[in-house]
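Here subunit A shows up in two complexes: once beside subunit B, once beside subunit C.
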Partner chain A sequence: MTETKSQRISINIAEFAIAKHSEIIETQSLGSCVGVALYDRTTKMGGLAHIMLPDSKKVMVGGKPGKYADVAIKLMVDKLQEAGVNKMNLTAKIAGGACMFSGAGISDFMNIGLRNVNAIKQILSEMKIPLVAEDCGANHGRTVEFNLDSGKMTVKSSMASTKEI
Partner chain B sequence: MKEDIKTDALLEVLNIGAGQSATALSEILRQKVLINVPDLKFLPIDKVTESLGGAEQKIVGIYFQINGDITGKMLLLFDQKTGHMLAEILTGDKTKREGKLSDIDMSAMMEMANIIANSCLNGLAGLLDMRLMPSIPYYAEDELGAVIDFLLIEMAIVSELAMLVNTEMSTEKGNIKGSLLVFPDDTFMNKIFERLELQKT
Partner chain C sequence: MNHEFSAIELDAIQEICNIASGNAAGALSQVLNKRINMKVPEIKIVPVELATEIMGESGAIVAGVYSRLIGDFNGGLLLTFPREDVILLVDKLVGSPSKTHTLSELDVSAISEVGNIICASFVGAISKIINKTVFISVPKLAFDMLGAIVDFILIELAENAEQALIMKIQFEDVPKTISGHFFILPNPGSLEMLLNSIKCRH
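The block that comes next holds the complex of A and B.
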């Protein structure tokens, strides 16, 4: 049996994608943004979103659905269910949410990364999707690759060593 | 077209501000610093990183909020190599720099950025007879996409589109190049235009 090369799907800021076995979804340079991966190990299907903001209800404008944690997570779950995934099987992994800048006084407004991470955890818990791994916070950017074969998320950084979660 | 007149006014004013910044930088470096004509971009927020050359390039960025009669954000960007060269010039410490800059280098860079930002805003304030001041500087060194997403997030709360004005600065020798980026808030351009109209009468 020959091994087929994994197909790569790249998502930009404020986008999301769902994928299946043998595919990899990647997104570049998350700073305060957060990458949220959902995975069902029984069907080897899942999704990844590059989220900018916690809550679509607290802003004045719409925009791409992947922009907001509440919208993106719900849409990924819907699309995975349409594709035959049982919601009860889903688990989540998240990476990003850094505080990129340092200065004399980093006030709360600078730490949108932390607010994003907290909101995502809250949404996942409300949707009863267990968060099984995370690599969040600190002050470095992250590029993530989510492998649908293994359900592993590879987290790379120019400023820190590569991690697999 | 009224909008064209407004953008011309914005670019004219920022050109003068950037000129003041270039003068300040040339005094610090004791080298002539040239600027190009400011380039105005008005584009979807998710296209900003691409328009600046892509997410993966390693950069040093110093960020300021613009406070006072007009508000916005300012980001001074250097590629990482240039940032490290500047740190060497500023501190006089010629030790080879690898990875992130040290705290001493960082504070030298922030001090330099402070002077550049203040020169620009003082130039604008004088011209427009406005009160303008930068926040304290915030420093980041990483991939451009990771550094700039904080600014994009702040803009994404109020708009789908980002307005930015990029002025490139470089020394005559070409060894040091950087970008002075101004992200005007939505009332910025109108306020400048109104003030200039008022000054005519």
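The block that comes next holds the complex of A and C.
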């Protein structure tokens, strides 16, 4: 069997993708957006979503379904189940949710990064998907690579050093 | 509401922005104690999703100065400069060439202040031309990936805004040409208000 180079899938803001063993999903420049990775260790399948806002029910306008935490996570789980993943095997890792302009007068209510992270944690716990690792908050952007081979998420930042979670 | 802008409308906006940038250049000249010319060579109105793409590489490190606009014109205003250009500008401001890649507290404060001067004089000029009241909030500075900075602003305002006004701006002889972007995200109605005010003048 010949070793093939892992295939890269790039997702943009408000998008998500599912992938299998030997593939890598990446998304660039998460600010207050959050990257949510779901992974099934037994089948080495999983998905990554670039989520923008916490709740689809609070907004009137439409847009891509991947924009909202509640819709995106559920859709991703559905797609993974269609592909043969048992929901009970899923674990989650999240990164992002920064407050890019910290300091002057941004209240917790305005801190959408924090609201995103909280909403995602709540949704994951309601869906009984354990959150195994996170790199959230602070005031710097992040670029995320999710390796479906190892289930590891590499988090690069302009400020902090590269992390593997 | 989506609105297709005609070439004449875009020309009118560009004209106003050129006048406003002249104002901003004047303010910057005073700070640097040197004649600075500022140009707006390009102006575009695009759907908000395409904003990052037009301003550069999503992962590129930029300095972004962000303010909210409040009053007759509502929305957000972001001024960005690429990393290398902002370092040049800071060297000029603080007077010592920075040997490291990190910015000191003084550098950061100098960038914020310059951003503040440029944004406030720009917005001030526009509000005078269209004869409307526009207030500008104290600007905040971020030094990070372009995509992450724009995302943050889109999220803060995107529930309302659909179109963004993007201007390329150039400062000449600082000592070389420094180029950055103005990114204006108007709330619905504000862009139409701006255009109507322009039409009334003609």
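Operating definition for what follows: the second predicted complex is superposed on the first by the 160 of 165 C-alpha atoms of A that agree within 3 Å, B and C clash if a C-alpha of one lies under 4 Å from a C-alpha of the other, contacts with A are read in each partner's own complex, and residues count from 1 in each chain.
Basically, a residue touches a chain if its C-beta (ideal position, glycine included) is under 8 Å from a C-beta of that chain, and two chains touch if they have at least 3 such contacts.
None of these values were measured; they are calculated from a predicted model.
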| item | value |
| --- | --- |
| When subunit B and subunit C are modelled together on subunit A, clash or fit | clash |
| Touched partner set for A:M127, first subunit B, second subunit C, both or neither | neither |
| Partner chain in contact with A:I9 - subunit B first, subunit C second, else both or neither | neither |
| Touch count on subunit A, higher of subunit B and subunit C | B |
| First, second, both or neither for A:A138, with subunit B first and subunit C second | neither |
| First (subunit B), second (subunit C), both or neither touched by A:I165 | neither |
| Interface residues of subunit A shared between complexes with subunit B and subunit C | 13, 28-33, 52-53, 59, 61, 98, 100-101, 103-105, 110, 112-113, 139-143, 158-159 |
| Of all residues in subunit C, those that touch subunit A in their complex | 49, 52, 58-59, 61, 64, 66, 138, 140-152, 154-156, 158-159 |
| List of subunit B residues in touch with subunit A within their complex | 45-46, 49, 55-56, 58, 63, 99-100, 106, 110, 136-150, 152-154, 156-160 |
| In the complex with subunit C, residue positions of subunit A that touch it | 13, 28-33, 52-53, 59, 61, 98-101, 103-105, 110, 112-113, 139-143, 158-159 |
| Subunit B contact footprint on subunit A (complex, rising order) | 12-15, 28-33, 52-53, 59-64, 67, 98, 100-106, 110, 112-113, 139-143, 158-159 |
